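Just so it is clear, A, B, C and D label the chains in written order, and each chain counts residues from 1 on its own.
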Amino acid sequence: MNGQNQDEQEQTGSPNMNYRNSHQAVVEKNKGIRDKRKTLQESVAMIQDGDHISIGGLQYTRTPVGALWEIIRQKKQGLTFYKPLMSFEGDWLFVSGAMAKAVTSWFSGGVTWGVSKIMRSFAERDPNTFEELSLLGLSLKLKAGAMGIPCIPTKSMLGSDLEKTAGLERFTCPYSGEELLLVPAVNPDVAIIHSQVADIYGNGQIFGPPCLDIEAAKAANKVILTTEQIVDNEHIRDTPNSTNIPFFCVDAVVELPFGCYPHECYGRYEPAYEKLGEYGQGLLDSEDKIGFVEGFLEQYFYQPADFEEYLSMFGVKSLLETTRLGRIWQP
Amino acid sequence: MSTYTPAELCVIMGSRSLKDGQIVFAGAGLPLLSAIHAQKMHAPGLAILFEVGGVAPRIESLPRSTNEARSVRRSVATPATVDMMLYLQRGFVDVGFLGGAQIDRHGNINSSCVGPLENPKVRLPGSGGANDIASSANRVFIISYHEKRRFVDKVDFITSPGFIDGGQAREEAGLLGGGVEKVITNLGILEFDPQTRSMTLVALHPGIAQEEVHEKTGFELPVSDNLEETLAPSEEELDVLRGLDQERRYLKKGDF
Amino acid sequence: MNGQNQDEQEQTGSPNMNYRNSHQAVVEKNKGIRDKRKTLQESVAMIQDGDHISIGGLQYTRTPVGALWEIIRQKKQGLTFYKPLMSFEGDWLFVSGAMAKAVTSWFSGGVTWGVSKIMRSFAERDPNTFEELSLLGLSLKLKAGAMGIPCIPTKSMLGSDLEKTAGLERFTCPYSGEELLLVPAVNPDVAIIHSQVADIYGNGQIFGPPCLDIEAAKAANKVILTTEQIVDNEHIRDTPNSTNIPFFCVDAVVELPFGCYPHECYGRYEPAYEKLGEYGQGLLDSEDKIGFVEGFLEQYFYQPADFEEYLSMFGVKSLLETTRLGRIWQP
Amino acid sequence: MSTYTPAELCVIMGSRSLKDGQIVFAGAGLPLLSAIHAQKMHAPGLAILFEVGGVAPRIESLPRSTNEARSVRRSVATPATVDMMLYLQRGFVDVGFLGGAQIDRHGNINSSCVGPLENPKVRLPGSGGANDIASSANRVFIISYHEKRRFVDKVDFITSPGFIDGGQAREEAGLLGGGVEKVITNLGILEFDPQTRSMTLVALHPGIAQEEVHEKTGFELPVSDNLEETLAPSEEELDVLRGLDQERRYLKKGDF
């Protein structure tokens, strides 16, 4: 779904206009065993304005913040983002202008900071900027995309108003006579995912809940995999049961320690609650919400020379403390 | 007689509603407290699931969100979100707890918008997994603070279906789950008439006057012929509960 | 699908007559955290004549031979078995009379022993004893059952004769206009699965390829889990990423070392090739194939007092040798 | 000039047909030998997948079956069988190798039965993953011993679809994969006419007479206007190959 196809979608209302194009994209790409390491800049440069992008993780766990940070720095425009639950990063994507539309089941900050005022100011002005599906509905869009089918039946959302607003078709099972809804598949142009470890070929190992990242990796036409740590391929072959992102899905691998910061990475570090709290409270207290986020973006996204300088703004103590609280032996 | 906050009362009523061996979807806040409380009081074999991918985690400190790593620590498994939600569709989830900005006489819940979605007065965060729980959990318990603006005649938007228009509407829609079995508020307990599927007051909490319930309900609320009074929380129930939230993050006084 | 419902199925040709019954079976069972240990005899006693049973593993890898051995000893009748690829155990189930029908994508011995003469003698006399689907087709039957939907679309089997013989309905996706086939779900009455480790609550950890066992565990109304080794629940909680069978699916846990013998268990032991070779060659050479298998069953299945005595017939050297060849550190 | 067996010839022709970086479904026997041979000769980045759940395994000793633990040793991942087969449907599998009891002029394959399935003369083992590979692999290579009873006008049963009735039948059926690109036999190479989708002789192996091909084909076989002769296996190709199957389990003389 590149910019052009996306327009077709708007016209037809079908997010799966190009089932065949998405299939062909995978057929044609070089899926082989090769060194896929790229810089963060090179990887994000693969994204075109108007693309549909799935974001890994869920709420503020294992969010690929580093890739989003670079997307915003590269001034990408008109993107549609898919995420199971949107958190602070949704505010940043809206205010920066990168996100034209959010497709998600839930959109706010952390639970303790109430409803996102940024989401409200965008969605109340233009409801089309926030397309809501149930969490299973969104999950099945990616699942169907991953399975290589254009749609999949479900019992969720029947009889609700989401059935209508999401424009879901009814379906009667010819074997059982059951009434179901058909969720159309999505094949994002690019999936951005952060794993605890990966090898240079793109074999990724996610520890803790994989959220929808495994589905997204297969559904997407291209995958950018950022990882806390690149490990030797022999380590991957020693632990094949832990590999949940196979290399042939992946197009770029970027080693990016603390790549979810200030969000968390299971087994590696907890969220920087203090910093998130400052941000959340600051947003609540500020008169000019948009201005507040613009200031935050300027300070944390645009001014730092690179991602390490961005991390430096949180400080060593924050990194050490969140690591002390979050690390567990397994990953 | 012991004193307790509305939140404490609701959590304990929620806890009492849970049975040993049940599989429970419980979000952060009061539902999670009810589930943990039940485990400690009478349901050691009850298991809690979180959408993010937590199965029967051991919860030492109450998480800010049930979607963070802290909440899934010591889980027996960490499935993908899609698998967690599909457990609902396959019938594995015995109880789901829900709440919402608006709840109507047929148990439909709105967590999407105040006013029409095309032109909302207030755009709310949305369903999350609530619609899926309402659609497919074997039974649903609603915990809510009782006030007129919440208990409305008809929700502006059905995010999570209860009995829709009442009667057989839910079955006709093809839904799998049993729907809302019980609404627990700080004033009493409400259930649904087997025919009309309309919310009915079946029990009042100690010291609550029926009038207050009607005042704080935005629609004509039928009352059960054998209206009961609930048993006040015991000292033991309160002690166990207060041990779970010592910072009073969720058990604070007043509204919740 | 108990005996009675199975009959309905035969009448309607629908393997998913009772989508609602299968859902209700899961709703009503006690899924909680409790000690689910049972003896092999008690576990297999849960199976009723006429039941539909899914067999874990694939061909001769991680086959739950111990459970099948007990099914045959308990003289179960009229069972329908689902397995991705049937191997020697299919011969045993047919000849013993336990299996009325095999639903599989492939049915023979090991590759090196050619086409199963037993399968031939049954399927050539009554073609309904062997229902063939493609491997993806069979996989999706269980996948749909596991997802709690009555059917699922696929591009496989289109235009083939399997489309007709399997009685698959065509489906046009309302979003993309794509032509697909709908594979009806199956919810077996019982799934029998063998894992390397499990705890007493039924949290199972399968290492190496899980084959279709994860799907079967969710699709089935009841699950019998045999395991090489029962481990402490704390070990499961130390390694939650490795748990692929969650406790709430499982109804019985049986510790059964060498429970796949003479088939293999990944990371624990290789197949007893020598013994399988003797069996395969003996079957090839014998005039009376059925008689040969009956003799084998008498000797290995009916006469031994218990499973340990059955294993004794293969001998210590065989167990040690296959373990030496098959073990790897991980499981 | 070096001598070689029909099996060795076919494996080397198969190997030459593979490109670096391709993802290949290769079953036990000659296809697996072709894939490993290609990795050693010219395609180090080629990856082999096995239905059971093996991804890019390191194959030290040739397994009896590609479904056993030995065959998946040192894999980079061990996915579920359903996921392995779904990789085909999503377009991840560039090449699938197939063979069968009967192959017809349109590349359809029968591995289910001789005679009608309702009343078979011989019931065969069945599809396994063959139908899925034929349906959805990006391209299919058939390797087969060339004999009249195998190369039939019309298969008794279409287990795995080639071009069905020819022409646009495959596209009209809604199939995703590209279908059979090449048939490699011990006599020559056969491809399909872009219009009729009928099998056509495009190359003969060194020393093979065109007549022999026609004798051993059960239908009228068109011959390409520019019929080529394949390049005989080189010493290096044969040495590498023979190193892979020192017990001659698959490279034995004659039929395979």
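Assume contacts are C-beta pairs under 8 Å (C-beta built on N, C-alpha and C of every residue); 3 or more make two chains touch, one makes a residue touch a chain.
Computed from a predicted model, the values in this text were never measured in an experiment.
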A student comparing A-D to A-B should find more C-beta pairs in contact for A-B
Going by average Cα coordinates, which chain is farthest removed from subunit D? B
Between subunit A and subunit C, what's the gap in Å when you average each chain's C-alpha atoms? 38
Centre to centre, by mean C-alpha position, how many angstrom separate subunit A and subunit D? 40
So the centre of each chain is just the mean of its C-alpha atoms; given that, what is the distance between subunit C and subunit D in Å? 29
For subunit D, give me the residues that contact two or more of the other chains. 72, 78-79, 86, 88-89, 136, 176
Set of subunit C residues in contact with two or more other chains: 148-149, 154-155, 178, 180, 207-208, 241
Taking the touch definition from the header, please name the shape of the chain graph: line, ring, star, complete or other. other
Which chains are in touch, pair by pair? A-B, A-C, A-D, B-C, C-D
Residues of subunit B touching subunit A in the complex: 28-29, 51-54, 64-65, 67-70, 72-73, 78-82, 85-86, 88-89, 112, 117-132, 134-136, 157-161, 164, 169-170, 173-176
In the complex of these two chains, what residues of subunit A are touching subunit D? 23-27, 30-34, 146-149, 199, 201, 203, 218, 233, 236-237, 240-241, 243-244, 246-249
Can you name the residues of subunit A that touch subunit C in the complex? 14-17, 19, 148-155, 169, 171, 173-176, 178, 180, 182, 184, 207-208, 238-239, 241-242, 330
Please name which positions on subunit B make contact with subunit C in the complex. 20-23, 44-47, 55-56, 58, 72, 74-79, 86-92, 94, 136, 138, 176
Subunit C residues touching subunit D - in the complex, by the definition given at the top: 58-61, 84-85, 104-108, 110-112, 115-116, 119-120, 123-124, 127, 130, 132-137, 139-140, 142-143, 154-162, 165, 178-180, 207-215, 264, 266-267, 270-271, 273, 326, 328
